[in-house]
Structure formats: structure tokens, C-alpha cells
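Right after this note come the structures.
Same chain, two partners: chain A is paired with chain B first, then with chain C.
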Partner chain A sequence: MEANTQPTQAQTGKQDSGLKYVASFALMILLTAVAFAAVAMNIVPQGWVIPLILVLAAVQVFLQLFTFMHLDLKKDAVTVSFMVTGLFIGVVCAVAVAILV
Partner chain B sequence: MATIVVLIVFALFLGAILTGGYNKQMLARFRSHWLWDWITTVDHKKIGILYLIGGTIFFVIGGIEALLMRTQLFYPNNDFMVGRTFNELLSMHGTTMIFFVAMPLLFALMNAVIPLQIGARDVAFPFLNALGFWLFLCGGLLMNLSWIFGNAPDSGWTNYVPIALNEYSAGTGIDYYVLGLQISGIGTLIGGLNFIVTIINMRTPGMSFLRMPLFTWTSFVSSALILFGFPPLTAGLFLVMFDRLFGANFFDVAAGGNPVIWQHLFWIFGHPEVYIVILPAFGIMSEVISTFAKKRLFGYTSMVFATLLIGFLGFMVWVHHMFTVGMGPVANSIFAIATMAIAVPTGIKVFNWLFTLWGGKIRFTTAMLYAVGFIPTFVLGGVTGVMLASPPGDYQYHDSYFVVAHFHYVLIGGTVFGILAGVYYWWPKMFGYLLNEKLGKLNFWLFFIGFHMTFFIQHFLGLFGMPRRVFTYQPEDQVELINQISTVGAFLQAVAVVVLVINVIYSYRNRVPAGNDPWDGRTLEWTITSPPPVYNFAQLPKVRALDAFWHEKMNGKKELEPAEPVGPIHMPNNTHLPFLMSLAFFVSGLGFVFRSNEVGALGLIFVFLVMFMRSFEQDHGYHIETDEIEKTEKGASV
Partner chain C sequence: MSAQVDRTDASAGLPAHPERATMEGRNKVLGFWLLLGAETVMFACFFGTYLALRGSSMDGPTTQELYQIPMVALSTVILLTSSLTSVIGVHGMHQNNYKKMMFWFGVTVLLGLSFLGLEIYEFVEYVHEGHTFTGSAFGSAFYTLLGTHGAHVLFGVTWITTLMIQARKRGLNLDMAPKFYLASLYWHFVDVVWVFIFTVVYLMGKVS
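Moving on, here comes the complex of A and B:
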């Protein structure tokens, strides 16, 4: 029985999730375009360019994780702990190197 | 270029003569050859054996390099291997031993044992497993080709820039290092990922995380370290590659670059790397000690916790390799304290091993001798490690033979002893016969004495002020006797390795079937035949406790209860694509080394072509039917 219920669930969720992928894909392209525009077209004041790009990047990372990597679907402790550990190690290394170099 | 074309045509002719011409039967002849079976295999047991052979070949090469260096240092002012040649030897020795010996040999044991220990029929991604091996082999061969073309990497295994840039290292030596490591690094990353997924997803019913044998646990953590640790190396190697090949200036101070970035990237990878190679060895020791003391591992949960903690802290300490760069007392102190903190979980492990031995019914087999020899040796290496972790001390020890002694104590006394213990312990499971114990013990004592003779005395060599990586010394330095003792010890180790090879040949000639369980084991791998059938477990076993097999033995049963009925087993098909893809990477790497970007790009295009083939290939594997399984199982029990 359990094996039967899963595909039906996926089928019912199929229509709106397809739209979700397209929407978030478009949003990502838009975010990337904004980042390029911020550098190329001098719309934003000089000092704000890097913070702006970082914020855009953070938004995009979450979009990636939740729509394409399905972090919202799998309530799997192992997956989440790997993600968090990787993020933590990455941040520690990046910040330390930025300070020390 | 013309030379290469001529060589290829010549090789094709020779191939035609030897194989009987290029005709319709040729493909069939290829397919029926035993070598084809090994090239296309996706079976984790066979890939484990391939890793073992590959790692051993590079072990011999790296060992010969070490012997040549020790021979040069036998006399003051010796002129046997001087200058650049000596630099090449020391660089290739370090790189080979870490990347092409320690890691593949551990992968060999991981491949051979982990699926059996967790009750799985294969790894999660058999295709990637094969790809990982062939990429490692191609990377290793590419790097060692540098000897033949007369221009080996010569700026140390750490490959510090700016020494490693074109300005100071002209020629192609460093390119072999960069591209060889890049290619084998992809393979290692793939292997690590594969084991993470295998261990998370493929455990048999009842095998919860806290019932996994410790070797599986430590390999799991070290695979996670590979996953997080190798990307920084890949990034760093790309920077060096672009600086050297395409005229970028990431490390050119005049153009706004910074050479210290390489050191950071290298050690952000490099420190986890030493835990990647030591943690599986810890796991092997735990298995061996527990089996041969006939006791459950003392403090199993704390061992798991300590492993996780070591893995995590391993990423927070890389700056201790760079104390003398001059980052200031605050940075140095933070990283010194973080480094010393690692001694705590490591100490927990050492005490747990001792308490496991305490009151145990100890059998001193060769594997156990290596395990028992490992404990004091590794503690010595750990103690000098804490000494080096203190920045004021480190300023004195830095770049001296003290450091050489320290890391050989942890790498040989830890990793190599671990690998050898594992080889003696799991050899019957891998090949179906035991290694001779008498020769094994001779091998252990020669290696143990030779090792301490070589490296114990090097601590003092360092304290007396001899710097590492120099090819000679003067008579008035008064380090001649110490160097000579060290060299004799190195040759003793070489003799020990020869004894091991003799042991393998002798034991093969006089082999008797070892049976399923020669050591009175505790874990799942000893419940099945040696060597196991292709599908490992006819029925997946049901695990009811830690040390599952021992638990059943104590309850008066001979085997584990099955968790499923006998049924057809789904197996993956053999495939030649991993070999082809690695070959393409190899050609690409060789092209870039020779600064022929066309060949390099062509190789990469071929890589993508093979990826494309793989993506659209309909390969659903095959099934082993029930009657065939029953026949195999019956044959095994007779």
C-alpha cells in the first residue's frame, strides 16, 4: 500500500511544482542579471555593490536549496546536518582567510 | 607532436601483430580476455583489489625514492643525488605516498570491507566507484611520467608558490603535479561521495548508525572530510594551473595577487587530509583490537563521538602549518589552542584501545602485533604534534628534521601500520586464504624496528639543527652517525616490505581455504564465504546488536537471521566507460602538460562525449535468478 500512495502524491503535486521550477528559475536569472547590472551600469553607489551582490547570492542559494535540491521535502537529519556542517566550515575558512591574508 | 603520432602508429601496428589483426573477431577476443573483465568491473570487491595493486605499485616507487634520498644522506658531502634531483625525489616521495599510496590503499580496504560490514550487496554507485579508481590510476601515472620525461615536480609536496610558478620552476615539472593531482582528486572526491551515500542508504535492516562497526564509522567521517576538504585543493590547483599555463596572476604580488592564498587553500585541504588518512586506520585498529582481545570495543559510543569531533576540529586548525608566515600572535594562539584540543578526542581513543585490551583474551597475530605496535608509536607522534602546536616551539622546530620525524610517526606509525594490520586481517576475506603468520611476524618486527631506527633518531637530528629538504651536510655538523643509523633503518624497512611480498607469494603457493571466519570475528563480513560471491549476501542479514555476528554466536547461533526471502538479485552490468573517461582525462592532462592546449581541449571534449554516452545509455543491469543463487550457496557450503 505504501508503495502505491507515494507516486499518487507526486502526481497531484506535479502541476504546481512544474510552475514552481520555472518561476524560481526565472527569478534566479533575474537575480543574476541584477547582480551583473549593479556592477556594469553604476546604478548603485560604489560601497553598496558588494553587499548587494552578497544579499542577492544568499537569496539565490536558498532558492536553489529549496526548489532544486528539495531541502523542504526531505526532512532528513543527515542531509541537513551535512549541509549545515559544510556551510559552517566554509564560512569559518572564508572569514579566517579574509582576515589573515 | 610528430613523434607522438609515429609512436601511436607504431603501437597500433604492434597491437595488430600481437592480437592477430583488426577484424570482426577482435572485439570478441578483447571481451573474452580476463583483463577486459578487470577493466570493466564495477564489483566493489574487485575494485578493492585493483586499488590494492595500484597503491602497492606506487608504494614501491615512493619507497625507492625514499631509499635514494637516505643513500644520498649516508655520507657528508655525498654527490649521489644532489640539487634538483634531490628536490624532485623529496617532492615526488611526499606526493606519491600521500595521494597515491595512503589514500588508495585505504580505499582498497574500504571497498573490500565496508559493503560487507553494513550488509550491502554493492556500493551505492558502482559506476562511480570504478571511475574513481581509474581516475586515481591515471592521475598517478601522469605524475610519475614526469620521471620518464626528465622533469619531475621539485617544490615539495606542498608546492608553495612562488617557487612553483614559471618564474622559479621553469619547464613542465610542476604541471605534472598540478594536473596529476587534479585528475586523481576528482577520483578521490567521487570515491568519498560514493561511500557517504553507501553508508547512509545501503545499511541492512537493523544496522542503525550506532550499530555500525567502527571501521565503517571512521571511513564515513573520513569520506565526509574528503567531501569538504578536496574542493579547496581543487580551487588552489586551478589557480596554480591558470598562473602557469594561461598567464594569470593570482599569486603575482606586482599584479595585486597574494602567494599566501595558496598556503591557506593548500592547508585548508591539507590538514583534513591527514585526518582522512588516519581516521580509517583508527577504525582498522579498533576492529583488530576488539577481535583479537575477544572483547567488545570499550566505549564504543565515545569512540564514535571522538571520531566525529576529530573530523570537525580537523577543519579548524590549518593555520598551525603556517605559524612562521607571520600572522601575528592572536591568530597563532587561536589556532594553537584549537590544535591542542584535538589531543582530547585522540586521547579518548587511545585509552579506549587500552581498556579494550585490558582483561582481554589476547591473541598476538600479525594484525594484532601491528595494532599493538601502533598504539605507543602513534602516541609518540601525537606528543610531538602537540609540541609543534605551540607557536614558540614551532618557530624552533619549523622546517627541521623534528617535523619530518613527527609526521612520519603519525603517517607510518598510524596509517601504514593500520593499513598493514588491515591487510593481514582482511586478506582471507579478500582472497580466500590466510597470509603466513611466521613470515608476517618477521615482516612486522623488521618493519617496526626499521621504522623506529629511521625516524626516532630524526627527532634529535632536528633538535641538533639539521633542516629538512637539504641534500647534504658537512662533516663538522656532527650529524653523520645519526644520518647513517637512519639510513640503515630505512633499508631495514625495505627488507620488511620484501618479506611482505615474499609472504604474499609463499602464502598463495601454499594456500588452503581460510573458511568464512578464520579469526572468530564479530562483524557481518565474517558471516559470508571468503571470497564472497558477486552478490555478497544471498539474503540480507537482520542485525540485532552491535557486533552483530558475535551477538548471534553468543546466543548459540551459527549465522544471522535473514531479513528477506530468497529472491532474484539485481546487479549492475560491467561497463568500459569509466576506463574510457579516465583515459580521456589522462590525454587531456598530458596535452596541457606539454602546453598543447588543442590536445588538452580534445581530451576534455572526449570526456564530455563519454558523459553524454553514459547519460543516454539504457543500462538496467541484470538479475541473478533464485536457482543460481541456491546453486552458489550450496557449492560454498560443500
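Moving on, here comes the complex of A and C:
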């Protein structure tokens, strides 16, 4: 197990500038603004508003998971599998409940 | 250049990723992601229930009449910003900067509290307009979903506050680092749920 230990590399900490968080935050605010604008103003054709805002939300969630929550597809295969399983079961349950009730 | 890290190293400065430097820390992070996977399923079921029941408002107000877009936008900006401040707090921890970490987690707590204040105000308004938990199926589904999320925000605020009190006594070390890291993961998750709440509940409620 010790082979998995992160070595005490101070340089990896220094490379990690805070800028990517601010950039990712700016992108999240932009996506949110687009979603609100799509609903509040008549700029998107009627039938497209809901699919559009759902896609914007999904993009934002992936931004959170992979930048703010530091998920890494290669390094954290197990944690990613927990979330993917959770999302899969969750979506199946949500869609089933919404349709069947 | 041994990969082994023990607690006596803490005084000489934390490693680059202190939350994963010990076996205990790594296990905590792994276990916490399992919890978040399970929470995802729970919230998804509440969303499904809400979508199924949102039209059943009896004689009470409908989604179109209730929701106020400006207030939702304000709540969203507050919670998104608090997600950024908590990641800056973790960034401060990675730089072994105790003051930076404490300051930004403190800002996160304040933003979380203002979000809660807005939500309480909103619920009081809704109850005055006749939208109550027991008033309709829509009311029950709405308050269950929003209330569970609000309870998570309250728990997150309490958790981070108590961690900050503990860190003032113990300082930043390999024992405290995973705790702050998990609290920030939890906070981001709460924000992720809110992204779906403002999309599915508020914005979709205004469209249909």
C-alpha cells in the first residue's frame, strides 16, 4: 500500500496555482447566467429551453467534480466508479419515479 | 527520499497533498466518496418525486406563481461563490498556509449562513402564500427536496465551524488536513445538488 503514497513533493503544490479554480468558477457563473437568461428572456425556441438548461447543469456538475473536487479519471478509478454508479442508479430511479407516478 | 510520512514531519511542513499522506486520510477520502455516491441516489429520488408531483398543487399556488427568479439567482451566486472560497481554503491548506485556509473557510461559513437566511425567508413567504408542506403533494415534494438540501447546508456550516475551532487548538497537521478536505468535498457536493435544484425546480418551474 505504501507504494501508493504521494511523495512529499513540494513542487506539485506550487505548480497548482489557484488560477484554474477562478477560471472554472468564472465558467460556472457564465453557464448559470446563460441558463437564467434562456428562461427569463425569449431567446431560445420554446422546446429547446429545458434540454439546454439540463445540459448546462450537467456541464457545471462535471466542472465541480473534476476541478473543485479534484477527481481524476486515471488516479481515482475507484472514487470515480462510486460516483458513476451513484449517478447511474440515481438517474434510473429519478426518471422511473417521474414517469411512473 | 522515502515515501513514508509520519506525524513528526508535520512541524517541518506538510506534504503536497496532506489529506492523502496517511493511510487514515486516504481511507477517509475513499469512504467519503462512497457516501457521496449514496447521497446522489437519495437526492435523485427526491428530484424524481418532485418532478412527478409538481403539478399536483391542489388549490394552492403553482410553480409559475411562486418562484421569484431574482432571489433564486442571488442564492445561486452565493452558493457558487462559497464553493470557490472553500476550494481556495483547500488550496491554502496545500500551500501549508494556515491563515489562508482559516480565512477562506470562514468566508465559506458566512456565505453558507447567508444562503440559509435567504432560504428561510423564502419558505416563510411561501407559507404566507399558502404553499405548505401538508397543503398539497407539490408542497410535500418541494419542501422535502429543498429542506433536505437546506439541512445539508446547515450541517456543512456546523461541520466547518467546529473544524475551525478544532484547528485553532491543534493547528494544521496530518490529522486535521483530511478533515478539512472532506468538509470541502461535502460543500462542493451540496453546491452540485443546488445546481440541479435551480435548474430542475426553479427554472423548469418557470418554463412549463
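The rule is simple: the second predicted complex is superposed on the first by the 81 of 101 C-alpha atoms of A that agree within 3 Å, B and C clash if a C-alpha of one lies under 4 Å from a C-alpha of the other, contacts with A are read in each partner's own complex, and residues count from 1 in each chain.
The rule is short, and it goes like this: a residue touches a chain if its C-beta (ideal position, glycine included) is under 8 Å from a C-beta of that chain, and two chains touch if they have at least 3 such contacts.
Computed from a prediction, not measured in an experiment: that's the story for all the values here.
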Discussion item. Which partner chains sit in contact with A:V78 here, chain B, chain C, both or neither? Use first/second/both/neither.
Written reply: both
Worksheet item: So, A:C93: does it touch chain B (first), chain C (second), both, or neither?
Response: both
Practice prompt. Between chain B and chain C, pick out the one touching the greater number of residues of chain A.
Written response: C
Discussion item. Per the contact definition in the header, classify A:L30: touching chain B only (first), chain C only (second), both, or neither.
Written reply: neither
Item to complete: Scan A:M69 for contacts with chain B and chain C and give back first, second, both or neither.
Response: second
Worksheet item: Which partner does A:A57 contact after superposing on A: first (chain B), second (chain C), both, neither?
Response: second
Discussion item. Quick one: is A:V101 in contact with chain B, with chain C, with both, or with neither? Answer first, second, both or neither.
Written reply: both
Worksheet entry | Contacts on chain A seen with chain B and repeated with chain C across the two complexes | 78, 82, 85-86, 89, 93, 96-97, 99-101
Fill in: For the chain A and chain C complex, residues of the former touching the latter
1-14, 16, 18, 21-22, 25, 28-29, 32, 35-36, 39-40, 49-50, 53-54, 56-57, 60-61, 64-65, 67-69, 76, 78-79, 82-83, 85-87, 89-91, 93-101
Item to complete: Provide the residue numbers of chain A that touch chain B in the complex, in ascending order.
Response: 78, 82, 85-86, 89, 92-93, 96-97, 99-101
Discussion item. So in the complex, the part of chain B that touches chain A is made up of which residues?
Written reply: 196, 200, 224, 227-228, 232, 258, 260-261, 264, 268, 312, 315-316, 318-319, 327, 331
Practice prompt. Quick one: which bits of chain C touch chain A in the complex? Just the residue numbers, please.
Written response: 1, 3-5, 9, 13, 15-17, 20-21, 23, 26, 29-30, 33-34, 36-41, 43-45, 47-49, 51-53, 69, 73, 76-77, 80-81, 83-84, 87-88, 91, 94-96, 185, 188-189, 191-192, 195-196, 198-200, 203-204, 206-208
